[in-house]
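Read through the structures below before going on.
Presented sequentially are two complexes of chain A, the first with chain B as partner and the second with chain C.
Let's turn to the complex of A and B:
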């Protein structure tokens, strides 16, 4: 009986008889298909926005953010959902680090609030009457705010739920500013990371795969780019041109990938020698195919870890420039709010303090998560754990 | 490849990089819409001058009416001969303004560098030799804190606590208090803390990772087996081999960190050093001064990279000159 079924399945699984469409097929997988459709839709929408509308529907930064989210869905979330076992394995290793799990949850909250919050709540508005309100549960001497929105008693002004985190010197609610700042920070961190890892991975793997002249040219270019400190380059550029979030992201994105490229190259040089690459070459795979299908997936763990540790530096740069007043003043960023509270430290300490707490914890959380990802994804760290 | 040839090639490379950067800066200046002309004319107008005349003067000074190639040549010659232009907001040559400013930067940057090296390496080495102890975890936590806290916000929080609430230290820097006085030292404490925190964390991480490579090495076990005490093992057998990469990391990376950090620190504490000079120049649209104050850190970074690479090959015989 058992022998019968075995021969039967063997018969149906003869190579010629396999229905390739059933197992994913020679055509496109569902993921590739969905990716193709959505990138097409994205391209059409961007072209429509650029050429056919008078005012931009959404800003360039928001378009880039949308692209980053799409990339996240197709290259991170979807593969993880497809490979349940691998995901579970990574999760088991990742969750050993308690601080990283808490950080990841915190970052998820910041991400969701930052992405969807600004669509739901109104932009904080100037309201001189509501200036210098203290955060809820706290109180401040009545002489500090012009008029107290909450309860005023015994010469003290108490905070109200209308402004849970208090207000700035021009009466903007800090809670709202913080939510809007989350979006800016997430955009800067994630979009810049996407640009950096895309260029860095392509350059690094190409340099390692083609070697010779290509390698020499690409890596010499990286050398030049790496000698120019991005901080000071951006200072010069922001001085000469009109500063904007878009400019900041593109400068840091297109000039900040040198480190990743070097890292990927050294990693890919080792992979290049492995037998599966030779097997693919012998089977007649094209250069592009080998780079895309064999080199890139095998260096992706290194790239993801390094990228996670790069995000906080981009967020810090943005906050720093916003603090210096060298970004677009209409973009409500954490650095900007901190800067606006600098003059009122003795009367209204919360203005400079609260956004900074969020900034600090966001950067800290990315560092924790990056560290834990390195332990979880990098098989070389196995000996330590 | 001989070492001399390597060093010669490396120096030539630094010169080329400098040339490229100057050219790029020139290109940016040439295509930029606003480079201080408006501010210059505005200043002339507020002083009772004629705006059109001022714009013409500006064009003459900066040579904007000449052909591009001549301007490029003049620019390069001026850069090479240290003729870096005139700061119209300060009415003095740019280099004089810089010469006046840099002692203030050194006053807190030098102590901060020393502290970050000593403290960073000490904590890093201790963590490495006492891995997975409470102190190690504490050290790791400190490192995370140091690299994560935004410099400028940390400065403001320190001002809030120590200057505004407790009133122990002044909240911003005032000139005219001498150099070697208690008052000056007091107002430098907070800037030094702010600047060194990030650098300590960086040094600590590097030195811990570097030392960990040697902690379980055979020669360290041999030394222990032969009865060397902890201190001797640490200093003679772990610190010495780890020192080479650490020294070289120091040159370029710490320089970069300090420069970017110093910029912010000076703005927060109002120290009239290079960073604040540059910041004010940007706000007041003083192009010559902006260029000089941002290019100097760039050149220092190039030289730092050069020194780092050469030091690496000279100090570490294991490095082959062939790979770059």
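Let's turn to the complex of A and C:
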């Protein structure tokens, strides 16, 4: 049977002809190569920004956001594009949930607007003369705005396309504030998520794979960290230093991964017992190889689902802090705008309501997408597909 | 055995500690594999058979050092692999591969099967992707699949196809030995035959040595050149397949062989039924580990007992040793309606019930043995457990319990660890303690 299927052409090579004293050659995949080059470029740019320039090119938060985007390209988008069949399979399952598809489109719009919008439009500026303008197509009693930018007729001030979503009490355009707020929310949600799942996954898989003392040390540390009141730490740190988005992200990122680590560990413990792990050991794979190539990919479903459900909680945290005035006042975020409009709810309802609606739908959309991803990726539900 | 064997295992032990409490104090050991020795020549297939839980799989994983053995030497091609450091162990891994029992869990569901088969090549430093692909595509064709299967995922294959792929993965590094842990027991019988014939073809082509682990004696007879029978972490018999199947030396082997169903209804085998439970490997029986269940256990010289009788008497004695509660028997008799309350059950009824329970006749064929047994039973029933134990222990002891037999080679070329073999005597004859 083995003999007659053997077709000797130039392109075939037989395993028994391999000279094991002379293997090698450089065979990086395009992805590995691109990843290497971009990480190097990124590292150089950060070092240049930190050590060689007086003024920062972009803020720390933006550097982290760039890193998150790179990670998204190389660890989500690229593999998905590489494995089209698997991607198509997941998409077929995902799209069964129509609410999740709509949510995903909405989130994509928010993401794109939030990422690129602030580069294209100017930061909203203080303009007392244009305060309290109503959104376009709506009108408000002429006594509310200081002066009406749009048409004023019969004692009503009509909204204008100059400020499509109206203005705040200090005349900032809410449409622009919302776009800038999108960036803040996306940054907080995505960067914190990246930090949390990176640390959580490494700790969780290592604890499960090495077990014994390593497991004990890591998980007991997680226990301690989980009892730590992150909220109060944030209060103290903002009191001591200038409050900033960077601070918020790092504090919540570096102290918030305990739950993910536990989740990943329990999942990885099950995977560790599978015989493909033993097969890899038997092939001579190192610990790092097995964790990287087998354990991590096989817990990724759990991680992705958990990550999608973590993002809205971070966005809400940020909005809460901004609402309480605990964040950098120069960073326009949704929570801040809601807070600034809360005194004018009876006269200028749109100031607090519009960013509130965006916040509400963003959080809701992440939850929908997370649920649908869990259904689409969870191997336990694979049978009923 | 002209030159040194390819693989030589000597006194391999794998014990798992049983720990208790926070401080992980060792309170006992599960002796999964307890001192096994065998050789494998290159190009030979050695079968390792035994019941579930007898340590076959542990033997496989420890002889490949997937788990570090507790003790013993494993000499592969002249070098002791138990002393290898990481680098040398890795080059040993290239020459010794393993096939797993469960085809559904032995492939990473996130990797295409091609990547899985190519993984060992990559681990051992072949970084050229297209070369790996060429080799694996060629290999997939040679195990009866097609090159285009490279990009498919494990769940798209049947169990038999997956075992073909597993064979490809085991072969891809061109090893000298493959340890196959129940490679066909999860498959349908018709598929089993295909995989087995594929393994044979490949073995002939590449002069592979195979350690074939199975509980299925039918398959083992098909595949193996020699067979080692394991019981409770020890090898009890090693022989050429033909010798083992036609002339088994060890009573355990005979019991295993009698359990193979025969398709011919007119030639129904005499079924040998094993009594008693499989002992726990954390506390294996003394002497010959099989003596608690052995149908041919050697009777004491001073009595002339029928073999069946003796087995049942010994069963009773061992039960008394491990603590037989007479009160339970009384309660049982109350439930049967013999008396109204346990105290009122007459002693002779309890004795009768005990004899019935252990299949011991009303009177033993040997008068002296009967006297001792009655004395023991009376003591037992009257509540004097220690006296009963002592009486029975003194009279009904066997060489099988006292001394562990060593592997002895019989004149027929098979090697068995049994006191019956070195004496080559019939069961009924008295056996002197050597």
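Methods note: the second predicted complex is superposed on the first by the 356 of 385 C-alpha atoms of A that agree within 3 Å, B and C clash if a C-alpha of one lies under 4 Å from a C-alpha of the other, contacts with A are read in each partner's own complex, and residues count from 1 in each chain.
Going forward, contacts are C-beta pairs under 8 Å (C-beta built on N, C-alpha and C of every residue); 3 or more make two chains touch, one makes a residue touch a chain.
This structure is a prediction, so every number in the text was calculated from the model and none was measured.
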*Once the shared chain is lined up, is A:229 touching chain B (first), chain C (second), both, or neither of them?*
first
_Touched partner set for A:359, first chain B, second chain C, both or neither_ = first
_Under the stated touch criterion, which partner chain does A:120 make contact with: chain B (first), chain C (second), both, or neither?_
neither
_Which partner chains sit in contact with A:241 here, chain B, chain C, both or neither? Use first/second/both/neither._
first
*asked:* With both complexes overlaid on chain A, does A:52 touch chain B (first), chain C (second), both or neither?
replied: neither
*Once the structures are superposed on A, label A:323 by its partner contacts, choosing first (chain B), second (chain C), both or neither.*
first
*After superposition on the shared chain, which partner residues are touched by A:345: those of chain B (first), chain C (second), both, or neither?*
first
*Inside the complex, what are the residues of chain B that reach chain A?*
13, 17, 20-21, 24-25, 28-29, 32-35, 144-145, 147-153, 156-157, 159-160, 164, 171, 256, 259-260, 263-264, 267-268, 278-279, 282-283, 285, 287, 290-291, 294-295, 297-298, 301-302, 305, 324
*Please give the residue numbers of chain C that touch chain A in the complex, ascending.*
61, 64, 66, 89-90, 93-94, 97-98, 100-102, 105-111, 116, 119-121, 123-132, 134-135, 137-139, 141-144, 153, 169, 171-174, 197-198, 201-202, 205-206
*asked:* Give the list of chain A residues in touch with chain B in this complex.
replied: 219, 223-224, 227-229, 231-233, 235-241, 312, 316, 319-320, 323-326, 335, 338, 341-342, 345-346, 349, 352-353, 356, 359-360, 363-364, 367-368
*Mind listing the chain A positions that touch chain C in their complex?*
1-3, 5-7, 11-16, 18, 20, 23-29, 86, 274-276, 278-285, 289, 293-294, 297-298, 300, 379
